[in-house]
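You will see two complexes here that share subunit A, one where it goes with subunit B and one where it goes with subunit C.
Now for the complex of A and B:
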């Protein structure tokens, strides 16, 4: 082989030097900022005021429940799985919280909800990894089971949340609801886990290419199970927040707000690939905030619900289409 | 040939596999196979597809537990049940399909499963420093342009393989299994890889090198072991054996001429496909004529546009400039469907991803094209299916067998059958015999020549130069998205490489 023949095709350094702007996590925050400004303009033209103190609190509070669920959902989706049982788990979680508080302490209630969540997450994870049931079906199954239990035992709100615990839902520090700090804390913990621990690296690996991960010595099943437990724990936190907000257990707290599909929408909007392996918590939070601001703008303008949903649908589809374009350009 | 380290009696045997047997669902895949590997040795494993090479290596790597038999590393007996255990013991394996995460960086990949931590968090800086160090150790020619933060998706195949090797180095691998590492590489890249393999062996690593390419086995390995039908046939020093003996051991018979005779000039018919000034994002100024009865070869380095040319002719990544005629009619296909209707067929290089529906039967696969693109005036091939499968010399249990259970060679025959069912005029092959064993390879070559004799225009793209040279009536060489030159039948490898590397003036003669 001659020396000349050793000339290798040059690396595509421009492609390698990934522009920050094309990172979905950055993109979605830019889009959120744009929406915030645009929303303010539109509402102002309509003679309203989007960023009143009261409205900011509403927007942020609305972010908390969906944010907690979506952050958890990010963990499972990154790992290549999915959780459709979150909405019913929220409902059951608020009931367990309220009913335990009625007769016991706040601490027992919190522990009970987290234990329930961890249990459901563990079940989801084991069904997916051990019984090898596709995550979509597995978590749909647990969703049905949870629904069956709720429908059989409750017809409406039950239990009563201790007054002191309700402060989680309503207190503020300055302009910020305290619950926002709960969301931020959970998000930071999950961000650290996903980005900076071996578990997190293994989650990316498992979601990116399960076979490759296994061949590299990653215990992929365990990783998936832990991701499901983490997700359900986040959902448990969301249930606690909603319980404190509603003052009692609400069987349909999760399903009425469609946290199952909305959380997946927020995750995808935030640039996490539904097939797993790419994405992260930061983008998801951007997606959540974007959806919350949109909602608030529509409420201010009292747009009819049909139009509102159409816009949400268009936004999600457009975002994913954009990501797909960028993705194919890179691999081309 | 270097002296084998095993000549030194003081060196202990690094790896011993003894009496390994393995069955899947009652089918015996390995019968009592034994093998030794010395430190610093390159030991080639050869055999047709289905001979049991891959299974043997998977036993070694902890992906399959053997039914019987032992694996001893430095005299210690191991029985692995998970790849991580084999890895911990110092056994690394580089599969044909890389175990890399495209959307992660080189450093992330190198340390996957063994990320170093500091206070509970992954120590990214340590990962990157160590990766950089390993890349540097491999030398500037290997490192060129790679940084620990480069994303794997941005690397061409050959460089992804480098990442796999670094991954093995990082885990202090002492036995490295390489499963047909040169299969996806062009000749010059294979040369680079060979250099790297030698260097690894010089460091005392033992290397089990699975390959179909006899030439590289004799260039690289000190010993060669041949498996056939799950049994050990021979182990011989490469210095003391020759190609014929190894081939005989592999196929159990003598192979005559490797390539069927070429066409006589008079056998060529009219131009079936012409391209004038064809171009798109990856191709420029393509002028091309394919004639009935002629086999045209295309050579070129990886990234030179070989595959892009096939994809453009087939409408998968269409030409955006220039004109094209098929059978005298002006047509520049904008989609594979248009191309198929015009009578163009493409056997893609990635059989599993693009050529076959792996979980569907042989029958469904063979009828895929005719069912999808019904063409007027041509008889539906459904009834002729059996004859068609005989024609391509398919060896399968039945027409109902799932494509995934066939050997690489038989899978390729199904793909060819699929296209023949549509009665094409132009047959494009991208790497027709990649991952195909010696016996099936000869069968495919013979078939291709037969088809040309019957009046098809055939284009063969291959990174194996002997294949291009042996099969073609003329050779087109691509470089940087253009046709760099045309060489007559029987051109030699040097001429081709000169054109391919864009140094035609290097020729000292002429």
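Now for the complex of A and C:
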């Protein structure tokens, strides 16, 4: 570590240029572009057409739910924490949205879901910081609690989403689904928070080295709690989108798609370090898009769905192995 | 993490002179897992109160038999966690093991059960080896390695079987999971005991000490001459073998199912953490980890007996896990000891 630190000033300009190129966020977008081109080639050779209007819409709307969750997850992981409760929170969120809409207005439903999410995020953050339970166990515990509540009260879809709200899931502006704008808006807000506010800098500091951050005057606990609340709010947005897409509350909307582990995979694929302190929202979006394009290519080739999982696993491991190799030259 | 441990070590020597000898001996004997033994005793007592016949030998052995796969998984998971890593692939290994065994019996109906068990254990070791080599050699965080391995294994197994596993296992193979030796002692209990004895022996050997040293501070261990990569790879291999053994028991107990191992990875990690083992490595005992697994199983049994609806079960489980770990993490010695900073470390 000290050797690299000493060598750094001398190589400053080239190193800066190099580090921009080897920045995982850039890398993942390059990889996504390569996948997009390769996928198009492969599908074309197979006699299909990957980028039809309809298919682009499918790819993009597939991005939205995972993207929202992964963007939130980025904030937590950057801060050195983790959230495994997102899948069940999505399920509960769709139920709350659909049931509130059945008896009330869309606005109250949205507010109810966001309040629920903020509450769960606050609970996660407080358990992690005040009870000092490892984030892995804390959020797993919250996940179990939510799951128990869902299983006890619901056996299947419940509630009904009003037609006006379903437009969020199905309307399009030109070729772009409306929901993509929701994802972009949330991502931009989080990007601004993470990159350009004091809170964001505190998040990087806390994730990088919590002890050092605290000694430097960062209120690390508060930062972790806020990160958890932000993450859960994003999950709430994902739940609202899924509710509008599915038309009713779906208890297993989050767990069937494995949003908990998939979102973490997407975040790490996007170059955010699992231990915290390095990474960002831009890379995560690249990771999500990469996974969605891969999915779509396999669908077009009608590859066995189980085989998709195998490829997914290989891609995720390979990508992170590549990042690790690059990182080693600079800082190991 | 290393500075935290050093602080604490210094604090320990300071308090050692101050505390009374008997108390020190008890805590030294039980280690950091003390809360889990209390929890286990409370749960077992509650079981006795809810159901007086619980301690009749055959009922109790049946309980241990049901707990055996989780206990074995927890022992394997402990080795990985104490070295500072995660193994999320164990649930998938259990599922894959059960499905592969059934498929193999479909092709070779006459295979001896011992051969089949050995094949499964070897396959588990191979998966663990892959996990270990990718984690140490390619420096991929084990969370991601084993998550990817989970996707790969589940995908591959179902791709191979076309989505629905079929075939069945012969009686002599299933006997391991549900039969009994001498007519009363379930084989699963024997396997569980053997795994426990092996794990304790392992942790007392040089390997165990280097494993804990590696988890506590990889750099210090490496400087002291520990081959940290080799030690970690071996931990992953053993975890894979343990998962394969659990697969044999689960397959025998409940038959072929695509859901055989679902959720086991989280249950095993929960059990280990309940046992006071610190995620991030370097602290905790394997006996406490296995006691954590027993506690978890006792909790499930108790909730069943109490007629808590299956659904609320996971809520109660969540609350208890958070509470137990929170109590364990609380700094009870605050008045005596200068507070050392907490390292909410997550292995990377």
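Criterion: the second predicted complex is superposed on the first by the 313 of 332 C-alpha atoms of A that agree within 3 Å, B and C clash if a C-alpha of one lies under 4 Å from a C-alpha of the other, contacts with A are read in each partner's own complex, and residues count from 1 in each chain.
We take it that a residue touches a chain if its C-beta (ideal position, glycine included) is under 8 Å from a C-beta of that chain, and two chains touch if they have at least 3 such contacts.
What you are looking at is a predicted structure, and each value in this text was computed from that prediction instead of being measured.
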Q. If you stack the two complexes on chain A, which partner ends up touching A:164: first (subunit B), second (subunit C), both, or neither?
A. neither
Q: Answer with first, second, both or neither: which of subunit B and subunit C does A:212 touch in the superposed model?
A: first
Q) Touching A:309 in the superposition: subunit B (first), subunit C (second), both, neither? A) second
Q: Mind working out whether A:198 is in touch with subunit B, subunit C, both or neither, as first, second, both or neither?
A: first
**Q.** Partner chain(s) touched by A:49 [first = subunit B, second = subunit C, both, neither]
**A.** neither
Q: Return the chain, subunit B or subunit C, that is in touch with more residues of subunit A.
A: C
Q. So, does A:108 touch the first partner subunit B, the second partner subunit C, both, or neither?
A. neither
Q: Name the contact category of A:278: first (subunit B only), second (subunit C only), both, or neither.
A: first
Q. So which bits of subunit A does subunit B touch that subunit C touches too?
A. 211, 214
Q. In the complex of these two chains, what residues of subunit A are touching subunit C?
A. 80-82, 127-128, 131-138, 140-153, 210-211, 214, 261, 264-265, 268, 273-276, 304, 306-314, 316-317, 320-321, 324-325, 328
Q: Spell out the residues on subunit A that touch subunit B in their complex, using ranges where they run on.
A: 1-2, 4-13, 15-16, 18, 192, 196-198, 200-202, 204-205, 208-209, 211-219, 277-278, 330-331
Q | Complex contact set, residues of subunit C against subunit A | A | 88, 134, 138-141, 143-145, 147-152, 154-159, 163, 266, 269-270, 273, 278-280, 309-319, 321-322, 325-326, 329-330, 341-344, 346-348
Q: Would you mind writing out the residues of subunit B in touch with subunit A in their complex?
A: 61, 63, 82-84, 87-88, 93, 95, 98-104, 108, 112-115, 117, 120-122, 124, 141, 144-146, 150-151, 153-156, 158-159, 167, 187-189, 191-192, 301-303, 494, 497-498, 501, 503, 506
